[in-house]
Amino acid sequence: MASNFFGQLFRITTFGESHGTAIGVVIDGCPALIPLTVEEINSALKLRRPGNTPYTSPRKEEDTVEILSGIFEGKTTGAPIALLIRNQDADSSSYTAIKDVYRPGHANFTYLEKYGIFDYRGGGRSSARETAARVAAGVVAKKFLISLGIECCAFVDAIGGIQSTPQNLKNLKMLRAKTYESPLFCPDKQATNKMIKAIDLVKEEGDSLGGILACVCHLPVGLGDPVYSKLEALLASAMLSIPATKGFEIGSGFAAAAMKGSEHNDSFDLDKKGNVHPATNVAGGTLGGISTGAPLFFRVAFKPTSSIKKPQKTVSLSKKKVPFEPSPSSRHDPCVAIRAVPVIEAMAALVLADCVLMQRCGKQC
Amino acid sequence: MASNFFGQLFRITTFGESHGTAIGVVIDGCPALIPLTVEEINSALKLRRPGNTPYTSPRKEEDTVEILSGIFEGKTTGAPIALLIRNQDADSSSYTAIKDVYRPGHANFTYLEKYGIFDYRGGGRSSARETAARVAAGVVAKKFLISLGIECCAFVDAIGGIQSTPQNLKNLKMLRAKTYESPLFCPDKQATNKMIKAIDLVKEEGDSLGGILACVCHLPVGLGDPVYSKLEALLASAMLSIPATKGFEIGSGFAAAAMKGSEHNDSFDLDKKGNVHPATNVAGGTLGGISTGAPLFFRVAFKPTSSIKKPQKTVSLSKKKVPFEPSPSSRHDPCVAIRAVPVIEAMAALVLADCVLMQRCGKQC
Amino acid sequence: MASNFFGQLFRITTFGESHGTAIGVVIDGCPALIPLTVEEINSALKLRRPGNTPYTSPRKEEDTVEILSGIFEGKTTGAPIALLIRNQDADSSSYTAIKDVYRPGHANFTYLEKYGIFDYRGGGRSSARETAARVAAGVVAKKFLISLGIECCAFVDAIGGIQSTPQNLKNLKMLRAKTYESPLFCPDKQATNKMIKAIDLVKEEGDSLGGILACVCHLPVGLGDPVYSKLEALLASAMLSIPATKGFEIGSGFAAAAMKGSEHNDSFDLDKKGNVHPATNVAGGTLGGISTGAPLFFRVAFKPTSSIKKPQKTVSLSKKKVPFEPSPSSRHDPCVAIRAVPVIEAMAALVLADCVLMQRCGKQC
Amino acid sequence: MASNFFGQLFRITTFGESHGTAIGVVIDGCPALIPLTVEEINSALKLRRPGNTPYTSPRKEEDTVEILSGIFEGKTTGAPIALLIRNQDADSSSYTAIKDVYRPGHANFTYLEKYGIFDYRGGGRSSARETAARVAAGVVAKKFLISLGIECCAFVDAIGGIQSTPQNLKNLKMLRAKTYESPLFCPDKQATNKMIKAIDLVKEEGDSLGGILACVCHLPVGLGDPVYSKLEALLASAMLSIPATKGFEIGSGFAAAAMKGSEHNDSFDLDKKGNVHPATNVAGGTLGGISTGAPLFFRVAFKPTSSIKKPQKTVSLSKKKVPFEPSPSSRHDPCVAIRAVPVIEAMAALVLADCVLMQRCGKQC
């Protein structure tokens, strides 16, 4: 069934396999007259690109995008914007060895059961490589949002159990600066150093680490629809659609379950201009599924990378118990959460762009 | 924008306000020939009904359903099934006092900003009363699923920081029995007793507690679609659409972020019939967004009830700072999580029914 | 599969069978602050109601609506509006006789093949009675549109081959007055008289007639989306979803196929205010699927009523060739097109309300 | 708003402008294990390609497709199939002259009003060139359908008022052979000759002709959903989404409006195997919006090509009345209907593929 799309009004449809010809995305529903250049998209792709630091996979992808449609004289036209990223360094030879076994922590078992066929090269469609298309599309959403004063910043909050300190959510500029100073995209320097050590250790062991990403968005009041399209429901769906994610929480999140109502409720207050706003922000930026205007804050849990070099047990496609020993030359991230930072930010932007268009339908005018 | 629906193929559309004429649901896409009676729906509604135990709101709702369409000679026909629940004990007088202030932790601020109008009686459309319609629809989904051997059981996992012990996920019958023995729907007796004490305490204080619900489903391999309709993405969206929810996690969830790959990966094994299955189930029942056949396990965090009797601060609609003191006669749950147990189960059933229909579209036949 | 809904942003979901408990509709996505009363809906239902004139079925339906939700203090709130119409005069005894045969021109054959079950009473879900729900929903759409200066008028253009003369499309008020003076909703008096004679004749014969309805809408430029959501594509889908329809054409329609480009192209001109507009309107109000601002004009073909009193041949459900002789007491319209006038108008309003919301998403602002 | 997609379960999303970099399509929801080659798609594109005969535009497009994703070892995998067609002969110089005027019969007026920007080169997104992407996607749908014994054949039924004789709808093989023998895709030889003369005449005059296409499909009983997704509603929407279409009719169509019920009703009969089927097929293959198993038959009206060489009147973008004289070197079809034959067939296949998947959701199994 058609399900490779995300969003209702501002919608992306992605395609492509990890080691196929190309991956790409069609962005349908972007309003007209938004300025957009190919360089803006390429810059964003660089951040997600593997091979940048010792903390990500050594696979080298150029990841330069071609804009196939939807832009005229440097601006969006309202027509669908198709973006194409060709696969360059698709060395699938290392996958031949493991194509006949069910890979622990991977999707070839479930895909084969569901479809009866699986493009095993690099994980095919189930690969995190698909997220490059999301990042490219996210740039278009961000360009639309920035014109409305809406901005997001994602960052690494925890890795391997090392938790960073809480950040000031009101100053996005500073938060972004601190985030991009860190090779791990973690705005807390001390935590970054501890995380680097932990990563170095598991790399040596041939093992991997999980992590938690956080994201803050500055946005106006009124985004998100009641009931089934609550802002947090749309975000949760967006985040859990990213490979390797295991959880989502908004504001106080799971900690809220141990709080009392008198601790959790945010009072309302008046600002200097006489506008109403929540005095505190335990809620994390929504009430009744609709943004309050306070910073939106949510966190996403990632499991440790499934591809590790330690020996494991599994079963072959011919239904025999076999040991599972990945090729020593296989290339993987020690912690997938790190490279997911721009993906989280892109998905948040896509959700918010959709909500802005939804919001335009709400009131009589 | 139209957003009061859930599901793509097996779809519900709900309507109704807390203190309006009625609430209800249209179930569109239920396959034909499923047996269904009004008694089955009424039984399910009883579980969610307020006024049952000292641990839920004293509001008395008959909550009996009328089947308006879609059933012929005791069976579904493929036509939409409309279910109507009239509001009986809709005493909205206690709301008149608070209609002119922004209620802390409530949605009247965001609704008023978004729509310019708000049905303040009992929270209107933002009330948890809407979930009765979900529970009714969930019965239809469950009847469809049971014919395919698919079953879910939700239960209280933690309240106010009191965590229950892990349950055996393989025996749903026993889990359900233990769950329904507890007045709090918590299968752990000792934990139940501690939770009751904690609830009694906050009731006295006029305060409230948060909680965590868990849900287990037995289902075949192959449910859930890749990328944006991953089973966990659909579940996350379903769960975060329930009022008062703050977080969702599947399997290891946020704990996965502190684990190593070698700890997290489930090996594959063969059962006695020679079928492949995960030997362990850290993942919680999915790989690549598709069910593995192992029990699906997820948890949902609920904030403490926003309606408390303690004095708070707020702002009036006429933009003045005012104290907020709810009427002493107002009727609320000390912990909303408890009554959400059948809601979680219903939403899980609706997601799975949708996935079963989606699955039928995947393979050539 | 869920398919009992129409529209994307301004969406209706209908339910109910001809001789079941009730029929109804949920309108989801109507903007807030639109004034709406139950009387407005009841007035519209009266026009569609059977038993009004000798030219429609003698079945007597009160067809009064109950508003179940979505209205607060006389206005829409943005929440779903549920409308309920109970079936009053549902005498299904006359259907018992024919429940065991495939009815010529009817849907029980195809429903039984598709679903394995059929609510045979009065045609069940396949009955034109479902269109009462559309008419009720259409009132809500019209109230929204009128606030934007958008209006539609549907009328009988031809019955049984008797073609009325072309109407002035610029004066909707006069067109509507002439339409409602005619017992057949045909603005051409002479044609009305001829049609009445033709209808009287087939009634005597126990036979029925087909007809063509036309509809004019006054609307601004810019409604309709390119490619797959062209205004004419949305209208065609809306019209062919009405029972007994066989064709749709916009503007010149099928006659365009015999014209030359030089005859068909509308030149552009300037009005007194210097605004651009088509000088003529052969196109019928759209170019490239988007409204030009000229009156929208389309026609819909209806087959003759399938329920006739003449003897026919058919096959029984037990697969025997049998004669088909409807009960002499069965109640049907001699020409279904007549009662479809408000249905056409309602569906046009629903399409345009959807397009107005779609249009709000198109430009950057 | 996102609207460049067609279909619900078997869905296409198209992109690209006439004289941009490329056009293309993403097919999402195609079941796995369907064999597919690039040659099959290229063959289909050849039929639609301009420059083939004197009766179509002299623009030369190679129109060879690149499969970017979704195929593995020669078969579909369930993943989205992206097809790319690069624009080769995109000479947009002839459009510069007319970029500053509203083109009669064209969409630049409505696009500019809607979006405030228009890619004027070759009509941009509003160009019929977009239909090449539909034809490419249609091949994939056809490959899926053929495995189920479902086939369609579209042909020219009338051009410039010259009506061909009715065809035998039961022998698709013969109908297709006769269709492809004709340079105009008209299975009636005598009519073809008359049409050719009429086309030659208007070409000399610098004018154009309209036409009617017909399409027959062989399919099983049960396709199409009740009410809003009636098979004819889906087809009407599909057909009216094709540029230059003005009308759609199924079976008896507009002629039904002049018939009596006793003439129009198809009796049911038994075949030799004891299966029920309509004895005649006035209905054109559906009852209640669901296929009867009899050949589906529908017709689509096309307006004459809007681009003609005769002088016309119009208004400039700077709001001055100006003459409109297209460059003598501009390249256009004298009758767009001809090249639309494969487009009609592709859209029919896409509708039916969607209906097959919808049908799988209908019954309990």
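Here the chain labels run A, B, C and D in written order, and each chain numbers its own residues starting at 1.
Convention: contacts are C-beta pairs under 8 Å (C-beta built on N, C-alpha and C of every residue); 3 or more make two chains touch, one makes a residue touch a chain.
Fair warning: this is a prediction, and the values are worked out from it, not measured in the lab.
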{"item": "Farthest-lying chain, centroid of Cα atoms versus that of chain A", "value": "C"}
{"item": "Comparison of A-B and A-D (more C-beta pairs in contact)", "value": "A-B"}
{"item": "For chain B paired with chain D, centre-to-centre distance based on mean C-alpha positions, whole Å", "value": "46"}
{"item": "Whole-Å gap separating chain A and chain D, where each centre is the average of the chain's CA atoms", "value": "39"}
{"item": "Geometric centre distance via CA averages, chain B-chain A, whole Å", "value": "26"}
{"item": "Per-residue multi-chain contacts in chain C, two or more chains", "value": "1, 3-5, 8-9, 14, 29, 32-33, 78-79, 111, 114-116, 125, 226, 357, 361-363"}
{"item": "Chain B residues touching chain D - in the complex, by the definition given at the top", "value": "9, 29, 31-34, 78-79, 144, 147, 226, 357, 360-365"}
{"item": "List of chain D residues in touch with chain A within their complex", "value": "1-5, 7-11, 13-17, 20-24, 26, 28-29, 32-33, 66-70, 72-73, 75, 77-82, 84, 111, 114-119, 124-125, 357"}
{"item": "Residue numbers on chain C that touch chain D, as the complex places them", "value": "1, 3-6, 8-9, 14, 102, 104-107, 109-111, 113-116, 125-126, 130, 158-161, 202, 207-212, 221-222, 225-230, 232-241, 243, 245-254, 256-270, 274, 276, 279, 283-284, 286-292, 301-308, 310, 312-315, 319, 321, 324, 337, 358-359, 361-363"}
